[in-house]
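So, here come the structures, one by one.
Both of the next two complexes hold chain A, though its partner changes from chain B to chain C.
Up next is the complex of A and B:
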């Protein structure tokens, strides 16, 4: 038999794929957020050399296709440095760094959006640079950045589907497998699409909730 | 003692302060008058270390503001109130006031809050401790701004046109508080356009013109015909300001 009908077990397969997608998304988002914010802090302190290196790396990551980065990490790096690379580690490394580059941009612009008057008001009372960052800039920058950050994460969730091409069994890969087995692309890709949609919607709602909380102090900011 | 010695400050080609000398003794209220662009705000910004001096020296109780290590001490001794309030929008009135005492002076939180509440009560905002700046009127915001400065128990209060952004009613709210502080013996450096008020509360008035300190006289003398008014520029300034 060259192909087969759907079975109830396919739902489990799809959910497994969704689990892999969401899991990788959460891990890479978390790593990307941490790295991107750290890069932003380096920039805030204007650490010489390191700051230029970070800006360059972020530029490269932002301006090249994720698929190319993925191939480079999965095929190129292991071949050049003679080491082993599993599809999942390649996916985690690539997506984390890619997210970090965009988080960095958002972090920098949010920090810069906080007026000098705020920094000065804190500095004249003797707060250190770190205390100013922590108590005055960070909370306001967080409220400012949550919108663009949510948009970024929703996009990064879709981008995870690229890792299926290096053999990670994520939702897209499961979809491709089911499609080959059943030869019912319309049904398979509709189901896969709905699952991605629901996951993205969840991320967006979470972002909206966080935004509302972070901006509770200033109704006028939403103008 | 707060001492400004031969201070020069330029922004690019524009000289803003050109050899300013000023001494403020504890307990004094010194008002700084002068037209817009005369360097009044820049002088305040030099005293609290927000601007670097091109030449000269400023000391607050002998702590040199141009030395990073001493600036921290100098800043603990001077409290600034800003023209545009500069409150932290994400913090309540009380949090605005207690941030620096807790973080810089390492005061226990409960103690700092109790003091913050009592300061707010003194300026008639006892019931607004938990309001955010966006929920307060301009006059209320500036009163919080004054409390924020007072919470650090500064020896010198630097006031940079603190009523310029307020309407007359709100201005009087704020001036009443300053009058009270002056009466209690708070040392103040008061940059203002409120000439009548400056006359009431000041021990001394200095007049700044194009970055040069033209006149530095006791208040009565400043307004006397043979004192400040003998200076044509001061007479001109006062007559213009009094028309409105």
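Up next is the complex of A and C:
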């Protein structure tokens, strides 16, 4: 028994879902990137107390399921603090913080990848700690971190599919809706899967392009 | 607006049931994904172009499509082709297939890291290709890839929370029920977050110990 067939409008629906997914992915990645780098800078300056708090928060965020974090922000926080929370704002808060936790780890390790002798040499020349970070560490750390960052972003793109559980109309939710209406799970989920796959590939190739650009100065030119 | 964790005490047994189901699903899926990962790693290191390309396609697809989409594909799709299995089996199968893609990468790295001298020694000793693989290559590869396989397991524990979306009442599913019974979602999900973090922390400690024990003869190279 079939309740409804596919209509041409379903393609628009899928693309709309893809738009929501990509949009939220871009926003949360950007916010997460900024927060994560800020946390990394706090660690670079070795701010007491704040540093330990950040490390603990990042550790918890990395080691717990995103789904539970989503439920905590969407169901728990509004009930506890008596405030209103829309599914989209809950999704943005959760995904941004989750991305930030992973960016923090990458930021710390790429700052530490710069040899101490460089930092010491720069300090001897009279550069302040901020100048060292801005002119010596940041350019090299950026090139170093772009690889892990790309892997992280490809992963975070898939994590965005979880927000469909709290009712954001992203690609996965559109898939669930179409699945319920047409009762053709193979076609629907294959189409959704292909769209996610293509989006992930696009992110990966953008990352590869950025890495090539940032590493151009140290690339092997051939003999 | 007061954090009162004592309201959870009557529900602890109920939550423990869920935790047990989570561990059960993860244990089964770990076995499944290591077996699958081994087969795929063999295929990817195969000298036949076609087999290794096919294996790469599998890994690429299942790593770049969100787990929730894969899960729905199996959960709604399998009955369509006449296979009726319960949510638990579907969940374990989906986790195994997704985990297998990650596990195969870990094992493949272990295989590629094997010294050519060992393979040559086996060849000179007159061992057949099959015996060389099952008796020499696989034990070494599995031993050195314990740590990456451990992070696959930790990821699997976190991913298993998604199984709650297909009516499987594991830890997250039970917690959802408790949250709606007690009207205290904040307390419930905060505790859940900590429980998951503690669980994965314990697992990672165990993995480190196991890794050290299995590679004790390579102590100075591995540590």
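Here is the rule we go by: the second predicted complex is superposed on the first by the 217 of 223 C-alpha atoms of A that agree within 3 Å, B and C clash if a C-alpha of one lies under 4 Å from a C-alpha of the other, contacts with A are read in each partner's own complex, and residues count from 1 in each chain.
The working rule: contacts are C-beta pairs under 8 Å (C-beta built on N, C-alpha and C of every residue); 3 or more make two chains touch, one makes a residue touch a chain.
This is a predicted model, so every value here is computed, not measured.
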| item | value |
| --- | --- |
| When chain B and chain C are modelled together on chain A, clash or fit | fit |
| First, second, both or neither for A:131, with chain B first and chain C second | first |
| Following superposition on chain A: angle at chain A, chain B versus chain C, Cα, nearest 10° | 100 |
| Partner chain(s) touched by A:121 [first = chain B, second = chain C, both, neither] | first |
| First, second, both or neither for A:217, with chain B first and chain C second | first |
| Touched partner set for A:16, first chain B, second chain C, both or neither | neither |
| Touching partner for A:109 - first (chain B), second (chain C), both, neither | neither |
| Which of chain B and chain C A:175 touches, first, second, both or neither | second |
| Winner by number of chain A residues touched, once chain B and chain C are compared | C |
| Minimum C-alpha separation between chain B and chain C after superposing on chain A, in Å | 25 |
| In the complex with chain A, residue positions of chain B that touch it | 48-50, 72, 75-76, 78-80, 82, 84, 86-91, 99-100, 103-104, 132, 134, 148-149, 152 |
| Chain B-touching residues of chain A, taken from the complex the two chains share | 117-118, 120-127, 131, 135-136, 139-140, 143, 217-220 |
| Residue numbers on chain A that touch chain C, as the complex places them | 59-60, 63-69, 71-72, 75-77, 79-82, 154, 158-162, 164-165, 172, 175-176, 179, 184-186, 189-190, 192-193, 196-197, 200-201 |
| Footprint of chain A on chain C - complex, ascending | 1, 3, 61, 64-70, 72-73, 76-77, 80, 154, 158-159, 161-162, 164-165, 172, 175-176, 179, 183-190, 192-194, 196-197, 200-201 |
